[in-house]
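Got some structures for you, see below.
Each of the two complexes below includes chain A, the first together with chain B, the second together with chain C.
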Partner chain A sequence: MERVLRDRTAAVIFLGPALVIYVCILLIPIGWSIGYTFFSGSPISGFTFAGFQNYATLVQDRRFWDAFWFSTRYAIFVTGGQIGLGLALALFYHFYLKRSSALIRTLVFFPVVLPTVAVAAIFQKLFAIAPQYGVVNAVFDLIGLHSLVQPWLGRGQTAFWVLVIMDVWRAMGFYAVILYAGLIEIPAETIEAARLDGASGWALAQLVILPLLMPITISALIFSLNGTLKVFDSVVALTGGGPGNATTPLTLYMYRAAFTNNAYGYGSTIAVMLTLYCLIVSLLAYRFARRDV
Partner chain B sequence: MATTLRRSAQAATHLRQRLHPRRIAAGLIVGLLLIIQLYPLIWLLLSSFKGPTEFNLRPIYALPEGFYWQNYLDAWTRGRLNIYYLNSILVTFPALLLIIATGLGAAFAIEIMRWRGRNLVLLTFLAGIMVPLQIVLLPLFSAYYQLQLLNNHLALILTYTAFGLPLTIFLFTGYLKPIPREVIEAAIVDGANIYQVFARIVLPMMANAIVTVGLVQFFFIWNDLILSMTFINDVSMRTIQTGLLNFVGQYGQREWGPTFAAIASSVIPILIIYLALNNLIIRGLTAGSVKG
Partner chain C sequence: MLMRRVSMVIAVTLVVIMLAACGAPAAAPAPTTAPAPAATTAPATGSATPSGALKFLSVQAENEGYTKIVNLLTAEFTAANPGVKYEFEQAPQTDLEQKLQLLASSNSLPLMFPSAATGTLIEMYRNGFVLDIEATFTELGIVDKLNPVALSLVRNLGNGTALGIPMELNIEGFWYNKKIFAEQGIAVPQTWEELVAAAEKLHAAGIQPFAASGEQGWPLTRLIGLYAQRKYGPDALERVAAGELKLTDPGFIEAAQAVQDLGLKGYFGPGVVTIDYATAVDLFVQGRAAMFYMGSWELRTFNDPTRNLIGAEQIGFFNFPTVPGGAGSLNDWPMNAGLTVSLGRAAYEANKPLADAWLTYVFERYGDRSMSELGAITGFKVENMPANTPQLTQMVQSQIDAAQTPMLWFEARFDSAATVLSQRNAQLLITGDMSAEEFMRALQAELDN
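Here is the complex of A and B:
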């Protein structure tokens, strides 16, 4: 028995292919990328050793910090919206719709599986101003709020909010289902007992339900942050980072540095910073959760 | 008589329940929610049938006057959606097969077989869930350039596999854990070797897991933008996402009809898959995120 389960050749055959692909395409390139950060140049121009020059440039680079703040702002608002509205929806499903919520859950979940490019193209048209008004401007025009008719994606401030609305719209149904699954786990007796003790409405939610839902909410939060800090597709497809650089997150700034300016070392330095940033935020959220629960 | 009375009394309470303010509020919220979530998609489908003059002369929210199929014809001929679709299929399905085969093998070796260091190997795989694609983009780009794999679907298939493996192995090991060890031990006592254990005992039990993992990875790969726009720039090799992005960039401003038709063409197949398999999809996608 032991002999069969400890068969070395078989273990290599089963594990080998996955491990080789994973190490060659994911692990080694990470090390390679860190190596790039100490060089300047590109494969075409040749590399020269630069020490910590890339890191020094990065600290002084205003556009890097703009991108950093954009990513942070985007992550705060989108994650906040996804988890906040997801939670509201989950409570609504569980306490108002009860057993009949399956169809609504399914419909609200749907946009998650849609291709980002298609979603962004729809939102471009919804918020369009030329050559004809999109739905949003047309409706404002119709009800007489002419001052609100504006180039939504043509201004940094409004483009940011369209982006936030789009990504919250797309993913709130996903987080609603996750949190709803957590809600059903709470025993009905617990809620009933709290009700008998006089808790109701907001007090019930605040004192009983939300604390019990905390662990799954934190997991959802970490998952969401991990996605929003790495936002790329939505931005590329909706605004292309513009107008100007107004909606350029770290990922897109890195992409431009690497592939438009051919600065491999600098691009990798941004990528390494981005990775560290995601790791630190996840660890902080995790530590915070551990202390709290 | 008594039953009639009871019935009408029941009907009255029913009506009262139905008109309860709480229920009306819930109904209004449901209505609003459905409008918010579904209107953009319905609007997309309706707009894809509008002729060019309709866009100019009538408000954008007006219903189409008829079915202007020319939009779809334009999207598929000038937009080359047929080529992009074919490329997406040629990339997605081999990648899925590779992810499932190698991922299931690895999960089997880690969870069922016994050797030193398997926990470390599992952790190494799981760490990959956190890694942003951006950090490997440049090294992979140079490597594929050296190996002449740029503009080659193999580059995409291999990269999708590497990035699909962490979650896949996480899910598969989770599915393998509850298999009773007695079943496997009994088979070994009966003389089965390790390959027979895999093929005859474990594999049949993994049918559901394979479908779940396959669906989750399908959406990741099919919807990918960053890898396909980095490794492919030959128009004839493009996948549907980069193809659509370029189509919208090129014709999106002026030709709304064909643009809507192109977007709808990328949404409709996903919609059909979702209508058929929504329970499995929801379970799979949510299992992949918050079990950890």
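Here is the complex of A and C:
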């Protein structure tokens, strides 16, 4: 095999088509999009060269920074919740439920297969205040906590937490399964040996299980961060980015700039920034992984 | 060596083939000048039977609203002209702007399609993508079929040129529950103070004064715009567009403040920004809110006994009230032409005889057929009013006939960015998360951009 790949001709023939497809469907559009960042206008009015104007506007655009901050906060809390609860669930499956965990695993995994729009519709009803109280407000009303009866999705602060809860609930089963797969790969002898040395409970988890689980945890972290930084569908389905722009992430802001406001250049500039942001976060995570694994 | 050359040739050929396959989307940017009219097909003589292909793109389903009427009339037209092939396509409203931009950039807009947002539509006209409706209908001899008010509305939107066919003609105002008003002893409000006093009385009695969809945003900004038009006169928003007035002027801030006050007092009910459009309608037609600001397109719900539980006879209608020290009068009504449709110039010129015959056939009959089939009021004159027209529809038709000056909605002259900002920030305004000054300042800054 090595001899075959050392032959340049064979390498070109084997890799060439794949490389060309990759260039066509990934690199050309990225290059095209970067090109747009130096233009203003739309397909109807035509494009005019604008130099670095889009970048200058972006730096001073308060709505861009609001969206950037929202995406960051959302990524921190949702990724933290997805990985943290996923890990807790994986440990729960492995050490408490053991072989009888299949049913619970399936139930916790179930939201992953539900369409986002359906999940968002469920959460809208759960947190509704009108035309009638949703379950959450009804429970608060029932137990006399009237001050907590409120339009959860109608205020920026509370809508943010509803979104976080929804997306953690939706994906924690997925990360639990991934981490569980890592957990069952840890040799039983290692854990047995640690136990014989007197490790148990939190000490066992902290000193033996979590370090051994680190490679798969880092992979899960990168998956989750990339998903949460680029969140779009759940925000659109649950809050539409509102109230106002209080729950608008960078992706939705980019979409509106390009396709609602017809500012293709500015939308592309936001997209380039988002790509760079994801790249930097992923590189940091990889770096962290290389040091620790 | 020979082997290496052969393999290089193969590789280069492969690259060329792949690039050719991928090259299509990477086309040159859109034309910046008016597109050249497409080559016309064999021009038919005046007496020849028209033939060729027609295409109508709509945001409605094929058996819904004005699309249903156009499709019905087209079916008759194609039955009489077997050489004509008719194609109908439905596009979702949310992707419309994007779709129109793509079609325009490849100069393949269909003959008839939903109008783009005001700013984009004017841009399309400037670049030769769409036709002047008034000029086209004049040439076809059917311009007198258009209701003059509707024509002036679409002309006003297109900066003096009619760029959309007024498929609907709507009047807007407050619909109210007559039974609730009578029980609470409330007279129809004529002034803003009377409206606020009525709301206060209803609220105190445990009745939600207004139903509104804050999720949509526009039902709230409509009120702000109308307050300002009552303050400065019916042309207030045109004066803003012309730069004579600023949204940061005291009257506009007073308007935003007045609507915010209604929200903060809870007159729109709890969680107004989470209420979607259908829920807002239901709150009113189920008798759970006393008033509902909306356009006459909702007659379809008011005349539907399965949805309207309070009964059509219990619904009254009044104009937006006057405001203290305002220049506006109750003779000025907020009106609009609904979802208009535009005509693609290239497709029209590609087969003018067919397009002319079809447009004449459809729009000569459109007004009457819409009224008889759907009870819908359109931007076309109704020559034969059906005997079984619902009373509420007749009342609205007579209000439209009596309206003197039509007023535009708040965002009618804004571009898409300012429209979105206005409707989104209305959610923050109504909950008190943004002050009236901030609301207007942000909007004026967007307009100045």
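Going forward, the second predicted complex is superposed on the first by the 266 of 293 C-alpha atoms of A that agree within 3 Å, B and C clash if a C-alpha of one lies under 4 Å from a C-alpha of the other, contacts with A are read in each partner's own complex, and residues count from 1 in each chain.
Note that a residue touches a chain if its C-beta (ideal position, glycine included) is under 8 Å from a C-beta of that chain, and two chains touch if they have at least 3 such contacts.
What you see is a predicted model, and the numbers here were worked out from it, not measured in a lab.
When the shared chain is aligned, chain B comes close enough to touch A:111, but chain C does not.
Of the two partner chains, chain C is the only one touched by A:155; chain B is not. Contacts of A:17 after superposition on the shared chain: both chain B and chain C are touched. More residues of chain A lie in contact with B than with the other chain of the pair chain B and chain C.
In the superposition on chain A, contact of A:25 is made with both chain B and chain C.
By the touch criterion stated above, A:259 is placed in contact with chain B and with chain C alike. In the superposed model, A:129 makes contact with chain C only, not with chain B. In the superposition on chain A, A:243 makes contact with chain C only, not with chain B. Contacts of A:43 after superposition on the shared chain: both chain B and chain C are touched.
Looking at chain A, you'll find residues 8, 13, 17, 21, 24-25, 28, 32, 43, 124, 130-131, 259 touch chain B in one structure and chain C in the other. By the touch criterion stated above, chain B contacts chain A in their complex at residues 22, 25-26, 29-30, 33-34, 36-38, 40-41, 43-44, 47, 55-56, 59-61, 98, 101-103, 105-106, 108-110, 112-115, 121, 124-125, 128, 130-143, 145, 158-159, 161-163, 165-166, 169, 185, 188-189, 192-195, 197-198, 219, 222-223, 225-226, 229-230, 240-241, 244-245, 248, 252-254, 256, 259-260, 263, 266-267, 270-271, 273-274, 278-279, 281-282, 285-286, 289-290, 292.
Remark: chain A residues 1-2, 4-8, 10-11, 13-15, 17-19, 21-22, 24-30, 32-33, 36, 43, 89, 92, 96-97, 104-118, 121-126, 130-135, 138-139, 142, 169, 173-174, 177-178, 181, 216, 219-220, 223, 226, 230, 232-233, 236-237, 251, 254-255, 258-259, 264, 267-268, 270-272, 274-275, 278-279, 282 touch chain B in the complex. Within the complex formed with chain C, the residues of chain A that make contact are 8-9, 12-13, 16-17, 20-21, 24-25, 28, 32, 39, 42-47, 124, 128-131, 150-151, 153-156, 240-246, 256, 259-263. Within the complex, the chain C residues that touch chain A are 3-4, 7-8, 10-11, 14-15, 18-19, 21-22, 26, 29-33, 97-98, 101-102, 104-105, 120, 123-124, 127, 129, 214-215, 269-275, 279, 282-283, 288, 415-417, 420, 424-425, 427-428, 431, 433-434.
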